[in-house]
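In order of appearance the chains are A, B, C and D, and numbering begins at 1 in each one.
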Amino acid sequence: MNPSHSNRYSVILGNLGNTCDRFLPTGYKQVPPKSELIRQAASIPGVTGIELVGSWDITENNAEEINAELGRNGLTCVSIIPDLFSQMRWGNGSFSAKDPEIRKQAIDETRSVSRIARKIKCPLINLWLGQDGYDYPLTADYSFQRNVLMEGIRTVASEFPDIKYALEYKPREPRNFSFQARAADTLLMAMETGLDNVGVCIDVGHGLMAGENVSDSAVMLQHYGKKLFHMHFNDNYRSWDDDMIVGSLHVVEYFELLFWLKESGYEGWYSMDQYPYREDGASAVGESVAFLRSVEKKLTTERINQIRTLVTKGDATASTRWMRELLFRIQA
Amino acid sequence: MNPSHSNRYSVILGNLGNTCDRFLPTGYKQVPPKSELIRQAASIPGVTGIELVGSWDITENNAEEINAELGRNGLTCVSIIPDLFSQMRWGNGSFSAKDPEIRKQAIDETRSVSRIARKIKCPLINLWLGQDGYDYPLTADYSFQRNVLMEGIRTVASEFPDIKYALEYKPREPRNFSFQARAADTLLMAMETGLDNVGVCIDVGHGLMAGENVSDSAVMLQHYGKKLFHMHFNDNYRSWDDDMIVGSLHVVEYFELLFWLKESGYEGWYSMDQYPYREDGASAVGESVAFLRSVEKKLTTERINQIRTLVTKGDATASTRWMRELLFRIQA
Amino acid sequence: MNPSHSNRYSVILGNLGNTCDRFLPTGYKQVPPKSELIRQAASIPGVTGIELVGSWDITENNAEEINAELGRNGLTCVSIIPDLFSQMRWGNGSFSAKDPEIRKQAIDETRSVSRIARKIKCPLINLWLGQDGYDYPLTADYSFQRNVLMEGIRTVASEFPDIKYALEYKPREPRNFSFQARAADTLLMAMETGLDNVGVCIDVGHGLMAGENVSDSAVMLQHYGKKLFHMHFNDNYRSWDDDMIVGSLHVVEYFELLFWLKESGYEGWYSMDQYPYREDGASAVGESVAFLRSVEKKLTTERINQIRTLVTKGDATASTRWMRELLFRIQA
Amino acid sequence: MNPSHSNRYSVILGNLGNTCDRFLPTGYKQVPPKSELIRQAASIPGVTGIELVGSWDITENNAEEINAELGRNGLTCVSIIPDLFSQMRWGNGSFSAKDPEIRKQAIDETRSVSRIARKIKCPLINLWLGQDGYDYPLTADYSFQRNVLMEGIRTVASEFPDIKYALEYKPREPRNFSFQARAADTLLMAMETGLDNVGVCIDVGHGLMAGENVSDSAVMLQHYGKKLFHMHFNDNYRSWDDDMIVGSLHVVEYFELLFWLKESGYEGWYSMDQYPYREDGASAVGESVAFLRSVEKKLTTERINQIRTLVTKGDATASTRWMRELLFRIQA
């Protein structure tokens, strides 16, 4: 861990565009063209990376062109997310679908995105398998479906050992239960592949929604073989994936999390993943980056040492007071 | 209360069509034409009523035509829901919007739907004000916005005293907090209008999601002046509005609810409101009606008297045993 | 509303002593004698009030003696909480018990505490009816029990018009469902008594646990006739009544709440109600007061005006940025 | 899997006695002497096993005497639970305590209980480490504490290879976060010990409270090396460990769970773990056993085959209908 190392910030491109919900499928605002979104991302202070969604943002045909455009804007593609969730065919699952033809398509789609990644030297595929789960009692074959899910990931990841695969867990939505629901179960599946290039992505909001203490989850993933591959940032009220501006609610928890990410040796990107339904996308995402950079700036070597003492001692009142005095500059 | 009175079942027409989520705005299936949906609704055993959404299903121009088509299928329009939630203009609220022009439009839209209702002799307008709420700290003017919301409803309802207005509460979604969030706060607002024709609609799933005991909420609404005007039925896992098949999860709670609806003198419709995202709409909605009719059939006069004894006595073990013996026909 | 008016801080005396849970009925620490607890409370900077629990802390026999001891320590008794929850006889309810003899005892106990209050000029009785609820389906007679509960409160409150009765709601615990569960339902019952001296107490943790936005609840109670009579402060993770140090988690929400308490004209006490199970009681409660005073100090007239502008405008990014810049003194 | 094999039912002895909460440390009822509790347990139809708590119910000194008394009543001791949670010294953790002296005591206490188990041929130690967790941000050293926790378990379990150690997870209470919180993280720790005799105990209520689908968790534990060692049964409203009568709420989920326990080859005991705060203990626990036996009786070979077809097909409407027709004997 090198505390003087600066965090690297990125954004998911689509967050700057339109985002819809189930009541207003067109979304609440007009969406600018993609090249404008790229320019907006590049203009956010501190942002040097971009995450793209396969087929939405990048395909095997236009990969080099898109990559060049990113480069002209001073941006790097830090991750690609295969679209295994927003097409009708994935409605009953992708890698875990009961239909073997769909499972084959999921593998092929991920292969395709892996080829794109290799082509543009993007080091990481982020797999969010949102449709891989179930809704009702007595409708899922848990054992069989978990197994084919793991095997599908292993198949692709073993073919692309130069690329990292980060499994992004989420407890629910769009399915009522997900197969990759929390840090530990997803880690178990990553370990089961037996492949070094399969790890986990923490989306902070998904962790909050799952009832996790996200700092604890991050440390746990690092403990079992440095398996924290990627981070998505946003905020919510702990009961749903509200995808809000980072730090709009969980100031204290974010402070602790950024400490532990450094302390546990996380060296990946800090990527924004929000749904600014009613807000100007670039401003809302920019405010998230500004929050994280504000916390980063407060985490001086001196304060890091103070936090180490606090967590070793474990005095709730002392820890709370330390945080308050930092935020309010008032000594009681 | 007349226990021999049969329940009247209806469905929201749109439930039979396509339903989307934020990841797949097109929905997971193909949607048949509206006339086919009406035929499907009419074919569900026990269903004699339909709920329509304003502008989606019915307008001032086609009201009589649609009503005639319902009639030819043996159906009655039991409620119309103004579309105050699925248009870009309502994104920051309808009756409670900060922009007075939007508030005016909300009033006008509800007036228009009220004229339709009057024209086709539909007795009830169901107001679900999903966009009327807020998302972030320090962004809502609670006092002002609640007040204009109440005044907007009072304005329209006082102009149409022959029509009932049922306010359908929901704790959140699409906003992170709703102004009409739970039974009691919505009742307070209904009472504040001072109008007899303003009451409350319970959507059972919204109540579960709000942490309510829905039976208790229903009884409370009836206690304060027979203010339970309408009922929407679906099921969920208590943390989100999953809009599932009725009785797929909460068998015991539904049993108790149907008892209390009768006991407290509810005489409105039993209307299905689901989102069968991946299921055949007519089958899924039909199964909901079948569940409620199964419970209704079990609620014989003899059993109603037994339940009265159980709730008076309040012995948890005895009540649980009674329910188990009814469901399993096994005496321990 | 007078923004220059200083908040008045108090503590519940028992919070400084031992607190237990269901696994360790003796609690996790040794409890000092009561006179020592009173001295500790008096030594917390800013604290000038005390809340007592009937029979635990004060009885008709020792009322004047206890009051004198408070006075010698520079403390005022701001509220008394009748013990209607920690005796075996209340296990199935107090005012709402099915047994009329128990209901009579609840009324008598509250009368007794009211006489104490009158004797020592304590202006407020805080009623937390924790046992008044139910656990299982088919065991409660909602209508009857709510009614006798309301009548019991009305009986006592009408006999002591010079004393305020604050009903403290909580969604659950120790019962799985409470009759006075949320701000709005409790307000309805307070209004139903028809008495000016019956209002509501918000325990912030109970509100968070109920899924409420507590600022909105406070404003609502004030809107319907200045019915916010009392405030209890603590913090939790939104799913349970963890009774933690104030501001240890919800920094932003507390900032907003203190604004709205002033803005809506709340002039009652700011009373700490925590369970410092494993912490030194006086330090933990003292840190809560220090947090609230830190926020109060930041709420200058200038910032109050800025917040008024923010809530009128409703721009989520701007509000979030304003809060961040205040806490981190960093402009993005 | 042998579907004709009958389930074996047991109860935790203390459930029949008094149970308290944080508001009434004495509990809500009188407790009979232990020998009477044993007689009550033996009289529940179907119960042949008992779970004991170390030091509460059994010590190295009285082990053989207690065991003989169980035998005289036709009962077997199926598991012992070391008391690592209800003594002041464990307040800040047992195996994961920051104080090395406390960690040593936790190991010694578990060794002592293991010797008891060996002496009376009890095959399993159930470890519920309720105090091993944390409450506030910036107070836990996640990495260090998880590690010593795992090592403590490994130390004892390696010394008693003839005894099974089942780790019982719970997301929270009495701590706000537990180190062994969910099925998957607990399994990871069990696997990390590298010992065949360390596995997991599912308490169904803890799983519901953690947002798990308990059937899925059971299948997952069995998938990774038959690691489901023990089962505790009770029911709750999914937000807290209400410890209610089994099947009082989750009829459908319990039906599915009993299917999957058989299907995944679980051959351990079905043990009742409730807190009948206000109910007669023996009746309430007896009703739980009656519920599970009712479900077991319905799970005929024919129906097991039907369920296999349903979970393979995954048609939500068909599965829901099947369940309804079984419970209501009504074909739609």
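We take it that a contact is a pair of C-beta atoms (placed from the backbone, for glycine too) under 8 Å apart; a residue touches a chain by one contact, two chains touch by 3 or more.
In this text, all values refer to a predicted model and were calculated from it rather than measured experimentally.
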item: Far-end chain from chain B, centres as C-alpha averages; value: D
item: Copies chain A and chain D touch via same or different residues, half shared test; value: same
item: Distance from chain B to chain A - Cα centre to Cα centre, in angstrom; value: 36
item: Centre-to-centre distance between chain D and chain B (centres being mean Cα positions), rounded to whole Å; value: 40
item: Junction residues of chain D - those touching two or more other chains; value: 92, 135-137, 172, 211, 237, 239, 244-245, 248-249, 252-253, 278, 315-316, 320, 323
item: Touching residues on chain A, where the partner in the complex is chain C; value: 45, 211, 237-239, 244-245, 247-249, 251-253, 278-280, 283-284, 286-287, 290-291, 293-295, 297-298, 315-317, 320-321, 323-324, 327-330, 332
item: Residue numbers on chain D that touch chain A, as the complex places them; value: 92, 98, 134-143, 146-147, 171-172, 177, 181-185, 187-188, 192, 210-211, 213, 215-216, 219-220, 222-224, 252-253, 255-256, 259-260, 264, 307, 310-312, 314-316, 319-320, 322-323
item: Chain D residues touching chain C - in the complex, by the definition given at the top; value: 19-26, 28-29, 85-88, 91-92, 130, 135-137, 172-174, 176, 237, 239-240, 242, 244-245, 248-249, 275, 277-278
